[in-house]
Every structure is written in C-alpha cells, then in structure tokens.
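Two complexes are shown next, each including chain A; its partner changes from chain B in the first to chain C in the second.
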Partner chain A sequence: MRFLFEPGFFSSAPVGTAFVIGGVTAVVSAIVGVLTVVRGQSFAGHALTDVATTGGSGSFLLGISPLVGFIGAGVVGAGAMELAGVQRRRGRDVATGVVLGAATGLSALFLYLDTTRSATTGVTQQILFGSIFTVDPSTIPVVIVLSVVTLALIGWMYRPLLLSSLSSELASARGVGVRRVSLLFMLTLAISVGLSSIAIGSVLSTALLIGPAATSLRLTRNLRKAFVFACVFGVLATWLGILFAYDSYYWDPSSQGLPVSFFIVAIIFLGYLVSGLTIVRRFVGPRVPTRGRAETPRRARPSNVGEVV
Partner chain B sequence: MFTGFMVNAWLVATIVALVAGVVGFFVVLRGSAFQAHAIPNGAFAGAAGANLIGVNPLIGLGVFSLAAALGIGRLSRRGRSDVVTALALMMMLALGAAFISQSTQYEPEIFSLLFGEILGVSSSQVLPVVVLGAVCVLAVAFLYRRLLMTSIAPEIAAARGFRPERVEMAFLVVLACSTTMTVPVVGAMLIFSLMIGPPAAARCFSNRPEIALLVSVVIALVTVWASLACSYTTNWPVGFYVGVFSAAWFGLGRTYGYLRRVRRVN
Partner chain C sequence: MTNPAPRSRRHLSEILGRVAIAGALVGPALLIATLSSRVASASTKSGVISAVGAENEYANVLSQVGGKYVSVSSVLNNPNTDPHTYEASPSVAQAVSQAQLIVQNGVGYDAFMNNIEAASPNPKRKVIVVQDVLGLKDNTPNPHLWYDPKTMPEVASVMAKDLAALEPSHRAYFQTKLAAFITSLQPLTTAIASFKTKYSGTRVAVTEPVADYLLVAMGVKILTPFVFQADVMNGVDPSPENITLEKSFFTKHEAQVFCYNQQVVDSLTVSVRQSAESNHVPVVGVYETMPTPGYDYQTWMLAEVSAIQRAVVQHTSTKKL
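Let's turn to the complex of A and B:
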C-alpha cells in the first residue's frame, strides 16, 4: 500500500473532488464519445473544446460565469458548424475548421484583452490546460446536473441517432429527420464537451471523449459492450492518472510533480495503442479481425488494374 | 507602416500566405483539416521541451511536427485517421503540459507560440522561413499530380500506380515542414485559419484546380495583408483578424456558390 498510495492521498479534499468530477466526466465523455467516434465526428468533438475555451476567455472579459461562457460558446459553435457543414464528411471537416479558426481568432483577442486589462498571469495556461486538482468543490452539483441532462438527451434520441449514424439513407427512409437529429447531437456534444473542458481542461476533455470510445470500438462490435467498456476504461484511466499525479510529487523531492493530464492522456494513449496490436485483437477483438482491409485494398496493383482498364 | 520592424513582418507574412494558400488548397481538397490543426498545435509541445533542455525551439518544433506527421500517417493505416489524429494531438499536448510544469517561466511564450509574434520577427528568422517555404512549395509542385489524383479520383490514381498511403505520408511531412517554419513567427492558430478559410473559399469560386489554387493563394495574401494593416492600426492581435477574415471569405465563397447554383437551376 505504501508503495502505491503516498501519505495523505485518501484524506486530501482536492483529491476527493478530483475523483468525483473526473469519474463523472469520464463516464459522460465515454458515452457521448462512442457515438462521436461511430459518427466520425472526432474533429468536431475536439474543435468544440477550443470553441468552448474561447467562451471561457470571453467570460473573464464580460464578467459572467465561466460555465455560461464555456457552454454558451460551445452551443453557438456547434450550431454554426452544423449549419455551415454539408452532409459529406469532407465538407463537414472544412466547416468545422472554419468555425474553429474563427473561434481561435476571437480567443486570441479575448486573451490579449484579458492580459492587458487585468494583468493576471497564468490565465492562458489555466484556460488551456486546466487542472483537475484546482476544481472548486461547489461545481460538483452543476457538473452532475448537466451530466444527467446530457445522458438524458442521448437516451431520448438514442435509436434515431444510431440509425442515422449508421445509414442516413435508411434513417430518412424510416422517417427520421436526419438533419434535426444531427443538430441535436451536435448540441449535446457541445454541452458535454463544454462541461468537461471547464471541469478537467480542454486537453483531457478530448482525450476522454475519443480515447476510451475508440479503444472499446476496436475491441468489440457490440455497441452495448462498447459503452460499458469505454466507461470502465475512461474512469480507470482518470483515477489511475490522479493517483500517479499525486504520487509524482513524492517521487523526486526537488521536482514539482507532473500534471495529472499528462498521466491520464498517457494511459489512454497506451490503451489505444495496445488495443490495436494483432495479439490483443486475436484474443479480445471481434471475430473478423480486420474490417477495413477487405473493402479497400491497401495497395492497388498496377498489373491487375491494367487488365480492367 | 512600411518601415523598421514592419518590413520583416510584411516579408514573412507574404511568404507564409503563399505557402498556406498552396498547402491549404490540398488540405481542404483531401479533407485533412484535423491534421492541419493537430500538427502545428502539437508541435508547440516540442518547443516547450526544447526550451526545457535548452536547445533551439525550432529544433523541438521540427522534431515534434515530423514525429506527429509520421506517427499519424503510420497509425492511420490501422485505425481511423480522425481518431488517431485526436489522440496523437492530445498525447503531444499532455507532453507539452508536462514540460511546462517542469519549467517555471513560460507563460508569455505559450501565448506567442499559439498566437504568434509576427510583429516581432527578427531579421535572422526571415531566412529559415524563406528556405522552408521554398521547400514546401517545391514539394507540393513535385507531388502535384499525385496529390490531386489520390484526392479527386482514387481509382485513376490506383491505375497509375500511386500508393495512397505513401502520398498521404508525403503530404503530412509537407504539412509538418510548413508548420515548423510558420509556428514560431505566426503561431499555430493563425496558420491553421489561413490553411482552411481561403482555400475553402477558393474552391467555391472555381472548379478548375489550377485556377482554384491561384485564387486560394491570392485570397490568403489579401487576408494576411489586410490583417497586418488592421493589426498595426488597432493594436489588436493579428491572429484575431486572420481568423475572422478567413471565416468571412468562407462565408462569401459559400454564398457565391449558392447563388450560382440557384441561377443555374432557374
């Protein structure tokens, strides 16, 4: 025990808050993340964290609550991405990129004005990286309420959302309003991402959204199992990361310890890499090991194609 | 406005716009917006690391952006490229956070790496930008047909014997090269806006690739020049103007495309 948990780990209040906030956001991110990865919207999921932080830096300027800034900017950005984007994936990426570019431009202005007016150092770093250890315990109820709202929204539109993610033609044939479902999902994504970026910082927000979901989707084709596995992996990675970050202050007395985001992201990244190994896939993965290869030949052989042409 | 330190700024901005217009055209065409965002943003961790161990930040930027390009290209063969890009970017940012936590005086430099310091370009920084910019444009010229074929007509590209994953890898390396050159002077966010907005607008104005490429470069140049002038007069950051003008060009392009479609139908 002494090796694993350095003194004061269980009695520390910031650690307790970090465990609760980290666990809740990890679960919500994992569930929204599985749908995000299935829909191929990882870029939007990441871009919204930057858009949300624009709102965060703007809220310092306007003097409104950062939470309103984060989530408000995220929702506006999500709407803009959805309206500017065309249905094809490439068009959607470009629209996401344009909104992201405009938002970061605004961010540059807000941060410039923030630093010139109030001369608070550390604002940039705080907004960009956040720290799960500096979360104010009073935000716990807000985080939990918004998490429940997010999950309720997902639950409410689950079947039409899934159908339109897998085949938009089939969904519209069944009478699903694909555009409407897509817009609603983007708004849900914005709330979830805004919430996690204010709670745990924008780096962790994307990592917890995409990492556990992508890992679990590599290991199973069963969507229900994927949800469960993503939640478990996300929460485990978060808690282990918090533990390591806490311990790292004791590893070398002269150093300052390493940030918690580094450990959590490293665990998630390693998990993703390991899940792609052939050996792991053979034992845990879906029965048909590689889906992509049969559909798209990795290498076109000129001789074969030449016969056809 | 055209004297003293501004001379370097105008020079560097012009080169950056040329490169962003050319490289960005293919970023938009190939749908690599996420990679174009991830490589410059992640590379800034390299500069933080270089700062920590006391070497030239340009080396750190170069190493990290190249590693990002090769890593994303390699991992994308086994996984989905948007997922791989997201995770690679997060890993680099987390490393950056770790580097920053170990050094004490980094705050203003984060700001300048993300948002650029184009008004403070020194004469010694101009030469690397010119050289790397020329390398990028030459590389795109050399790869031109391959890039175009593999993005527009994958079947024909396959018939020609172009290997899509190799072309993709080469393109990511070009992206990394243009990143290394631009991040220290204009910042990671500005270069991204410039690589997406103007080329996306240019594609709405013309369907012919050569003309669209030219329009993309022209729009990028106009955007950068206008932004510099506005920033000089108002004292607000250049990145703000570039971001907003780029988005405005995209809106203009989409409106033009819409009007043209409507007229054709009637």
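Let's turn to the complex of A and C:
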C-alpha cells in the first residue's frame, strides 16, 4: 500500500478535486464516446476540441471561467457543424481544413493576447494540456450538474438516437426527428469535450472521449457491455494517471512532478494497444451477436455496414 | 507554313507574364529598400546617446547615470504583463537597431534581445549584459538579478564607463551622476540592514522567485520550495504535493508574510493568495518590472522593503504598490 500510494495522497486537497472531476468527466466521456464511435463521428469530436480551444483561450480575455469558454464555443461550433454537415464524411476535408484552421489561428491570437496583455502565466499550458490539480474546487458542482444533464439527455433520447445511428432512413420512417436527435447529440458531445478539456486540456480531450470507447468496442459488440467497460477503463485510466502524477514527485530527487495529462493519455493508448492483441481478444473478444438485440452496434465495424443496409 | 500571328501573340503574353512576375518580385524588394533607408536616415540628435534598457528598471538607472546626454527607451515596462512570456514587436527591433548602448539582464530572461541584436549587427554598439557584469553562469536558477541590492551599483558603474566611452567629453558629468546614484541608494541599504538586524529569520512564503535575492539580503527565511517557484515562473503546473505544502504555510500559520508576484498570475497563484488572505497572513505585492508612474529604481525597492516590514510589524497587506 505504502509502495503504491505515496504519503499524503488521500488527504491532499488537489488530489481530491482531481479525483472527483476526473472521474465524473471520464464517465461522461466514455458514454458519449461509445455513441460517437458507433455513429462514426470521432472526427466531429476531434473538430470540436479545436473550437473548444478557441473558447477556452478567449475566456481569459473576457474574464470568465475557462469551462464556460470551452463549452460555450463547443456548443456554437457543434451547432454550426451540424448545420453545415461538417461531421459527415463527404465535403468535410475542405470545410474542416479551413474552419478548424481558422479556429486554431484564433486560439493562437487569444493565447498571445492572454499572455501579453495581462498577467496570465500558465494559460497556454492550462488550456492546451490541462491542469487538473489546479482546478478551483468550486468548479465541482458545475461539472457534476453538467454531467447529470448530459447523461439524462442521452438517456432520454437513447432509442431514437441509436436507431438514427444505425439507419437514418429507417429512423425517419419510424417518425424520429433525425435532425433534432443529431443536433442534441452534438450538444452532448460539445459538453463532454468541454468537461474533458478542464481535466486533461483541450488538445488531449479527444483521447478521453475516443480512447476508452474505441478500446471497449474492440472487446465487445454488446453495446451495454461497451458502455460499462468504457466507463471502467476511462475512470481507471484517469485515476491511475492522477496517482502516477502524484507519485512521480517522489521518483526524481529534484521533486519535479510529471504532468498528469501525459499519464492519463499514455494509459489510454496502452489500453487500446493491448486490446488489439490477439491473445486478449481471444479471452474477452467480441462474440457473434445474439439475434434480435436492437442495441447491437453493427456500425461499429465498417464491414458490418452492408448487413444493416 | 506555321501561323505566325498566334505565335507572336503567345510571345507577347509570355513576355507580359514574365514582366508581371518580375514586378511581383522587384516591387516588394523596392518597398523594403525604401523602408530600410528611412529607418537608417532616422539618426539621433548629436551629443545625445540613444540607449535601450530591456527592462524598465535598467532603463531607469541608465537615464539617472546618463542624465541629459542620454535618451533611453525600455522594452519591458508594462506592469500588467508577464515578462517571461514576452514577444518582441517590430518597433522594438527598430529601437534596438538604432541604439548605441543597450542594457539587458541575461540568464535567458530577455533572450529575445540577443536575436534582435544579431539581426541588426553594429560593431560600435555597446551591450551591457548584467549577468556578465556579475559573472553569473547561464544556468543561474533565479534570473531576477535587479532585486539583489549588490547588482545596481556594479551595473551603474559599467554604464558610466560605457557612456564615457561613447561621449568622452562628458566623462566628468557621468561620474558625478554615478556618484549621485550610488549615494541615493543609501536609504535602501540602511532599510535592508535595519530589517536584517531586527527581523532576521522572518518566515516568508512566495509564489515566484522574483524578489528572492532581496528577501535573502533582508535575512528572510523563504519557506516555499524552489521547484514550486520555478514551476509558477515557467508557467507549468506544480506538483499537488507542493501545492498542498504551499497552502499549509498559511493554514498552519508558519508564514508571517506572503510575497505575491503581481505579474505572474494564474488560477493557482490566485487560490494560494486566497488561502493566505483567509488565514490572515499579510500579502505583499512584488513586481517583475518597475511599477510606473511614480517610482524610480531606488524608491521602488525601498517601497518593497517597507511593505514587507509593515507586514511583519503591523500585519498589514500591501497588495499593490
């Protein structure tokens, strides 16, 4: 125990805050992430991080909380992308190349102004790569409320969302407002990206969104199992990352701790690599889906698309 | 027989195209040439040495030593920004290229000055690097050399020597001005010595190493680990262990004073300051560059020493000078 948890780990206030925010964010990211992968919108999730970066870096100029900036810009960006159809495969190259480039350029301007016009020193690091140990504890209630709202929204539209993910034609025929469902899902995606930007930074937030989801969908084709597995893996990666970052203070005699975002993303990446090994897939790999299960994510694998159509 | 008319037309269009390309290449070149000749013609008044101080505290001392025979501008002079993240603008580059005398800190604090100087070479230009005057290594951990009370007397005498080399006819004037500057540091020296005798061993927490040289000269015990200070200075996250430790100086009432860098601020340093305030530890604002207007180097340093002394004796905060 002493070997794994260095002294003061459980009594440290920054660690406590990081555990709550990291854990809650990992759950939301995992749930939204599985749906994002199933819907084939990983790219939209990544695109939203660029827009969220712009909002987060702009928030310091306006003197508002970076969380508001991340989510505000994400929601506006998600709405714009949904209307422009950027998240769809066709036509995305040109539109995204221009729009996301502009968003990133704007972030560069905002970060420059942040650091040169006012005394905000760590802002670039904080926005791009996160600083979960320095998050103000008063952010916790906001993070929890946003998470509950996001999960409730997904629960409320779960069936129509899944149906429209599998086949939008079929969903329309059954009276599902495909456009509205898609827009609402982009909203949850924007909130989820905003939350994980607070935890591990906007540039890395895709890792927490897509990583655990992609790993779990490699191991199971049962969507319920995939949700549970992604949540467990995401939370585990986040908490282990926090633990390693805390312990890293004692690894080096100079007492220079290593960044938590690195550990979280490294664990997620290792998990994804390991899940691809044949030996792992033989034990916990996907089995042939049981007949008649509506939630089976056939679109998770491109080779299965033909079966659905 | 080939048709000559289309071919000649093609020739014409080719020629026109080449002319257009040549124009596109030569035009900007001419523009640059005109601009640079304008820059070069903007010469200084005769007899007045044009000088640049990379930080406004050095510029201030230089203008005190040079008096009426020097015209000094400064690069880092905004008390609301963090000099560690400064990026030079073209107007700075122009001022540096025209300067006859430059004073800069060194130790990587104002590395941008080296780039600008290299971009406009001038063998007659004199550059005083404070790091070299003090004989410090490049890996000196704390770059805020001007807070050390020993620094400015040495730098000022080098300034007087270089000014005299540029304008030998005014040598006596610069020597008188230098002597006046050294004398004017007396109240500061006295204040530091008197604090050291009365309150040596005072325990102080800091966010950043900005005033550390002064605090050490005052006989203060700095509680904050240097790794934490360096992390804040460099804009990276300190480890959670050190955040907890830093805040414990206030909750356990170990720190008697909290020195807060007003120019290197982030959400963490704000939360540390709030922790000091809620535990009634007096806060003293310290600055990277000289706060303007209303201060020169001597009065600024004296104000910082007095503010720290007030915090120790009367438990009052001086958040802003």
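Just so it is clear, the second predicted complex is superposed on the first by the 267 of 309 C-alpha atoms of A that agree within 3 Å, B and C clash if a C-alpha of one lies under 4 Å from a C-alpha of the other, contacts with A are read in each partner's own complex, and residues count from 1 in each chain.
Quick note on the criterion: a residue touches a chain if its C-beta (ideal position, glycine included) is under 8 Å from a C-beta of that chain, and two chains touch if they have at least 3 such contacts.
Keep in mind the model is a prediction, meaning the values are calculated, not measured.
By the touch criterion stated above, A:L223 is placed in contact with neither chain B nor chain C. Judged by the touch definition given at the top, the superposed model places A:L183 against neither chain B nor chain C.
When the two complexes are overlaid on their common chain A, residue A:Y112 makes contact with chain B and with chain C alike.
Once chain A of one complex is fitted onto chain A of the other, the partner contacts of A:T104 are limited to chain B, with no touch recorded for chain C. When both complexes are overlaid on chain A, the residue A:A214 reaches chain B alone and has no touch with chain C.
Look at A:S12: by the touch rule set out above, it reaches chain C but stays clear of chain B.
After overlaying the two complexes on the shared chain, residue contacts for A:Y249 are found with chain C alone; chain B is out of touch.
Legend: residue contacts after superposition of the two complexes on their common chain; A:G257 is shown touching both chain B and chain C. Taking chain B and chain C in turn and counting the residues of chain A each one touches, the greater count comes from B. Looking at the shared chain after the overlay, A:L151 reaches neither chain B nor chain C. In the superposition on chain A, the residues of chain A touched by chain B in one structure and by chain C in the other are 112, 115, 121-122, 124-125, 255-257, 259. Of all residues in chain A, those touching chain C in their complex are 8, 12-15, 18, 112, 115-126, 131, 133-136, 245-246, 248-249, 254-257, 259-260. On the side of chain A, the complex with chain B involves touching residues 37, 40, 42-43, 45-47, 84, 89-90, 93-94, 96-109, 111-112, 115, 121-122, 124-125, 128-129, 203, 206-207, 210-211, 214, 218, 255-259, 261-262, 264-266, 268-269, 272-273, 276, 298-300, 302, 305-306, 309.
Contacts from chain B toward chain A in the complex involve residues 28, 30-31, 33-34, 36-37, 75, 77-80, 82-83, 85-87, 89-91, 93-95, 97-98, 100-102, 106-107, 110-111, 114-115, 158-161, 163, 165, 189, 192-193, 196-197, 200, 236-237, 239-244, 246-247, 250, 254. Within the complex formed with chain A, the chain C residues making contact are 80-82, 84-87, 225, 227, 231-233, 235-244, 247, 262-269, 271.
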